[in-house]
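What follows is a set of structures to go through.
There are two complexes below, and they share subunit A, which is joined by subunit B in the first and by subunit C in the second.
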Partner chain A sequence: MAEEKKLFKVKIDNITVEVEPGTTILNAARGIGGDVVPPAMCYYSKLQGSGGKCRTCLVKVTKGSEADPRPMPKLVASCRTTVMDGMEVANITSPEVLDARKGIVEFLLINHPLDCPVCDQAGECDLQDLSYEHGAETTRYEFKRRTFDKVDLGEHIQLHMTRCILCYRCVFTADQLTEKREHGILDRGDHSQISTYIQQNLDNDFIGNVIDVCPVGALTDKTARFKNRVWFLKPVDAHRNCDNPKCCGKTVLWMRGNEIFRVTARKDQFGEVENWICDTCRFDKKDVKDWVVEGPRNIDRHSVISQGHYVNTVQPKDPLVEVLDGRQPQLLFDIHTTSQVNRPDIDLSKIDGPAHSDDFNKPKS
Partner chain B sequence: MGRKLLLENAHIEGIRYYDTYRKQGGYAAAEKALKSMGPEAVLEEVKKSGLRGRGGAGFPTGMKWSFIAKPEGVPRYLVCNADESEPGTFKDRYLMEFIPHLLIEGLLISSFTLGANACYIYIRGEYAWIPDILEQAIAEAKNNGWLGKNIQGTGFDLEIYVQRGAGAYICGEETALIESLEGKRGNPRIKPPFPAVKGLWQCPTVVNNVETLAAVVPIINYGADEYIKLGTGKSTGTKLISACGNINKPGVYEIEMNISVEEFIFSEEYCGGIKNGKRLKACIPGGSSVPVLPANLLLKTAKGDTRMMTYEGLAEGGFATGSMLGSGGFIVMDEDQCIVRNTLTFARFYHHESCGQCSPCREGTGWMEKVLKNIEYGKGKMSDIDLLWDIQRKIEGNTICPLGDAAAWPVAAAIRHFRDEFEWHVKNPEEAQRRNFGLAHYADPLPVPAAV
Partner chain C sequence: MQTLTNRAKPVDRSPMTFMEKMYLPAIFTGMGITLKHLFRRKATVAFPEQKRQFSPVFRGLHVLNRDEEGRERCTACGLCAVACPAEAITMEAAERKPGEEHLYREEKYAARYEINMLRCIFCGFCEEACPKDAVYMSETFAPANYQRKGFIYGKQDLLIPNPKADK
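The block that comes next holds the complex of A and B.
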């Protein structure tokens, strides 16, 4: 080993930590942990070049360094700013930072559809968590929200661009993990959109990882879509001997009884994927026999996912069949776009906010 | 008559071509720089001249050049920013159209100073006819031994390439420009690293405005000592101003930075006063991004001094009562102009031009446009004015590149100085559709500050 490197001393919210030169403020804060860690919606430690875009991680540098103690004039993105020796940073101790962050959350939400009740990401959505912690209860935005049509990116992935916060993580993932780049951003400003150039199929061994890096419900797994809510599922760690050399084969199975609803990569405490998994493991291995189950996954106890208490893994009898008189339960799930109860010619996804009875009134002729 | 350094010969018949340009003393500065001065001496001269960037920010050019990293074996690049897309700014176009060899000569001297053997002119896509002019000038310069290999026997090599943009304002931001030049989507980069360390193709790069690079020629020709005699204080030399709006003589003017704003607007030498005998209401002195000023704060500072057409003069009073020289796009508004409408126009522009990378600018610019539209079309509420203020405040300073600030400042300044006009729109929605608020008190003499 080379001789020991000199460490930099940084103070974040009055807590001192020593980190290697080149560490970002965000990662230094992650080293401390707890409340002083700024929220990060776009930075992803495993994706090169990520970060700097969402601006939720803004912090105030109150002292530049020991050598140059001047504070930085503007708030900086902690995910892209490296520490200096003697630097002092204010995150939750700075009202200015909290105020700016509140503004950012508001910006991220003004065009978001807030369709959590029908979104698969609900319960494990970074934007939900962020809004809960840093957002306001009401909106000051009084205009029509931006919408896009849903598109299929190949067989397994659905893009619901309306929910996207343009964090660029999926772009970096597609760029860095898969061989042929077909996934990027078209247009600019608030009409920018993720696209695969004329909706090319994304069929690449590792493209499924874009689903895991997406902080919101813009990219979802079509093999699991609308099948269940994450908090009704039991996450268990499992692995298999995957023959794809780049795949670690270590996953989380989201189960109910013996049924595997969804397979994802394992995520760390900051919501980042620990190791990438291949599309075969993710989309095609939905039989328990394919896997060696290791045991229940530890989920943060504040998460809604850990609210479910599972005594055993026996599948409860599905009451839906009886309740619905043998009608297909699929009908209920279709409530996303049309209603079977009210006028089905009305497309619910075209209505701003929740539907009211007014929306179904027949125009008086 | 103010002295001219850049446009001195711009109207001589045939100056666009090499022979005439050379006959008028062209390439003498290049000869001097390459043959008798050497890079260090040129750099010293540019530093001493106090030349500041003419692209908007006014950063000292000599200092910028001295920051360029010089790692062994890595090429360096000079990039000329000819993207000129700021509403109200059209000075670089004039220079390139009329006297292209001045720019080529400036690029040669600057590249030589920086040790760059390749130089790129990134030109706004809408300037469709100018690349031909530039390319012809480049070919002429090459035929006469001013470009290519072993220039004038000095051993210095330089190639200049012209690259057209595709119509995005954001590609004028230097790092977005570099991305675009590399063939990528024109998103501004997250800094650091700065272009001086990692710019074009990750190599040390300097990006300068057309006018900045052209100004190097007279600095070398006449010497820095002569150059700093023009202008005032830290605003040395001459500046091109593109004047437009309700004035008698819109156009591009080269001013010595020692005249007052009043002289610039009303003298026959420059704008020739307000058109049709109207009265001056407001002015945006440095391109659409800088704060708008009402007539009374434009001609005199809040302290009661005459406001000068210099970097410091226009900035006097900070954003509370001042503005910026910016890129020199001077937009004059008479009493018939509506500030709300004008602010909406700018908001729409920034909304349209945001690259969409960072949330405050992507979402905030569209929001401001929508709120302003409501106010302008008689659907505004009083609370909308405070909302606008809050939105711009949350964009400013929180974005990746200065486009966010540029979108926020015009809105902030309009509300700061013309709040009663916004309120009038809200309170009189119907009347506001039929007539404008007019001059109101915006040209009234400022209250004399209490004796200090």
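The block that comes next holds the complex of A and C.
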């Protein structure tokens, strides 16, 4: 008979949960779900060794364990602290934790530029959500933010080093998914930056996943750069039979009409990728014919991405045609005859990289 | 017949008195009211020559602003379009090329920016949403036009004149 595993009883914000020994506090809280889950900017459950860098998941351990009930002297990072039997943890019930988290957000934002209007990640950015929920309204930092020389990472991935919060997720991704890691963090302290040692293209089969794991807009998709804002696109689930054995081919297409602007992996409720996808799926398949569309993706109603997307609407019957004895109403004005936006001869989603002025100033054919 | 309300009055069909038959007193009373209004303050203005003052919070036709150096402020962030309840605003973004720094303030700019004045309800949400102080509502209204296509305002209609180029 197999020995029955002893489960540890943990109390997080007065909710008791039983987890296996060796589970971290963060994962135990994720088992409960809801508001008690501490936010995490660097921890990624699919990447080994991640976590412990951003400090946003700090919690207060009010009772160490059944055997040793003393509280832990300082706030601990919940992604790196494993549970003990009888442990009691305070997350949102502790004002000390909320206050510390507010400070951490302020630290993360010290060098983060306020360029959300330009950034492609805006709308699905973890740091945006975090600062909205936990941060202060204004900055107290009066000095110059750090800047970097531009590093070109090739034709698919755009690096904005100023936005980086040094979570190391992309480094772990490159280590664990691709054959050879070509980028890393150079220098230290205030100067530390993501870079390839000597200007090198990131060109590995699964390197595109660094875009999805990046919690901020430091690594973005160059093929979708500035093409559209995330909240104007409609996310649909789709899949294709990928030749790459390691790739599942299950993705989210960000579409407008029949145009595919961006392909990403599917993300779960904690913002983590469900299955990694290869670079061919992500960067090269921008045609609807390549994909089997499964249906619209479920987006949280409170997310900006669901703005203007009307689901489950019941359209009332238009009685006009009936009243007009079957005649269609006369169309007095077709917007496309005048509008310069969405010109059919400028296929934005097919342009490699961002559009430029010469793409728009093409003479009308 | 049962009345719906208790305010119904039966029609008075009694024959007119001598004074009512003369009509003249009633006419003079009416003329008196008309004459009285000739000497009162007019409620209207003679519009093209004389213009009524706008309220300080009047929301009129949109303008796209430029910064002190004459560069376009709009960075095509799409916040005005997502805030627009009438879905009147559309735009397409492009990346600034090297050499275009004198034209556009940020790395990204609106290559196309269109407001459909037929849809616009002049609520001012776009002005409120703009993080770059690019969209403002001026103190004029959209002029009348004979055709619908005249109400699709592109970037050349909305941008204010370049202060550098006009000097």
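Throughout what follows, the second predicted complex is superposed on the first by the 303 of 365 C-alpha atoms of A that agree within 3 Å, B and C clash if a C-alpha of one lies under 4 Å from a C-alpha of the other, contacts with A are read in each partner's own complex, and residues count from 1 in each chain.
In this section, a contact is a pair of C-beta atoms (placed from the backbone, for glycine too) under 8 Å apart; a residue touches a chain by one contact, two chains touch by 3 or more.
Being a predicted model, the structure only gives us computed values, none of them experimental.
Peer 1: Would you check which partner chain A:D359 touches, where first means subunit B only, second means subunit C only, and both and neither mean what they say?
Peer 2: second
Peer 1: Go through the superposed model and pick first if A:L348 touches only subunit B, second if only subunit C, both, or neither.
Peer 2: second
Peer 1: Which partner does A:P71 contact after superposing on A: first (subunit B), second (subunit C), both, neither?
Peer 2: After superposition on chain A, A:P71 lies in contact with neither partner.
Peer 1: Is A:I104 in contact with subunit B, with subunit C, with both, or with neither (first, second, both, neither)?
Peer 2: first
Peer 1: Applying the document's definition of touch, where does A:I185 land relative to subunit B and subunit C: first, second, both, or neither?
Peer 2: first
Peer 1: Just checking: does A:R55 make contact with subunit B only, subunit C only, both, or neither of them? Give me first, second, both or neither.
Peer 2: A:R55 sits against subunit B, while subunit C stays out of touch.
Peer 1: In the complex of these two chains, what residues of subunit B are touching subunit A?
Peer 2: Against subunit A, the touching part of subunit B is residues 168, 170, 185, 190, 351-360, 362-367, 370, 387, 390, 393-394, 397-400.
Peer 1: What does subunit C use to touch subunit A in their complex?
Peer 2: 75-79, 81-82, 87, 90-95, 97, 100, 106-108, 111-112, 114, 116, 131-132, 148-149, 152, 154
Peer 1: What does subunit A use to touch subunit B in their complex?
Peer 2: So the residues of subunit A touching subunit B come out as 51-56, 58, 74-75, 77, 80, 100, 103-104, 106-108, 110-111, 140-141, 143, 165-166, 168, 184-185, 187-192.
Peer 1: Could you pull out which subunit A residues touch subunit C in their complex?
Peer 2: Spelled out, the residues of subunit A in touch with subunit C are 115-118, 122, 225-229, 231-232, 304, 307-308, 332-333, 335, 337-342, 348, 353-357, 359-360.
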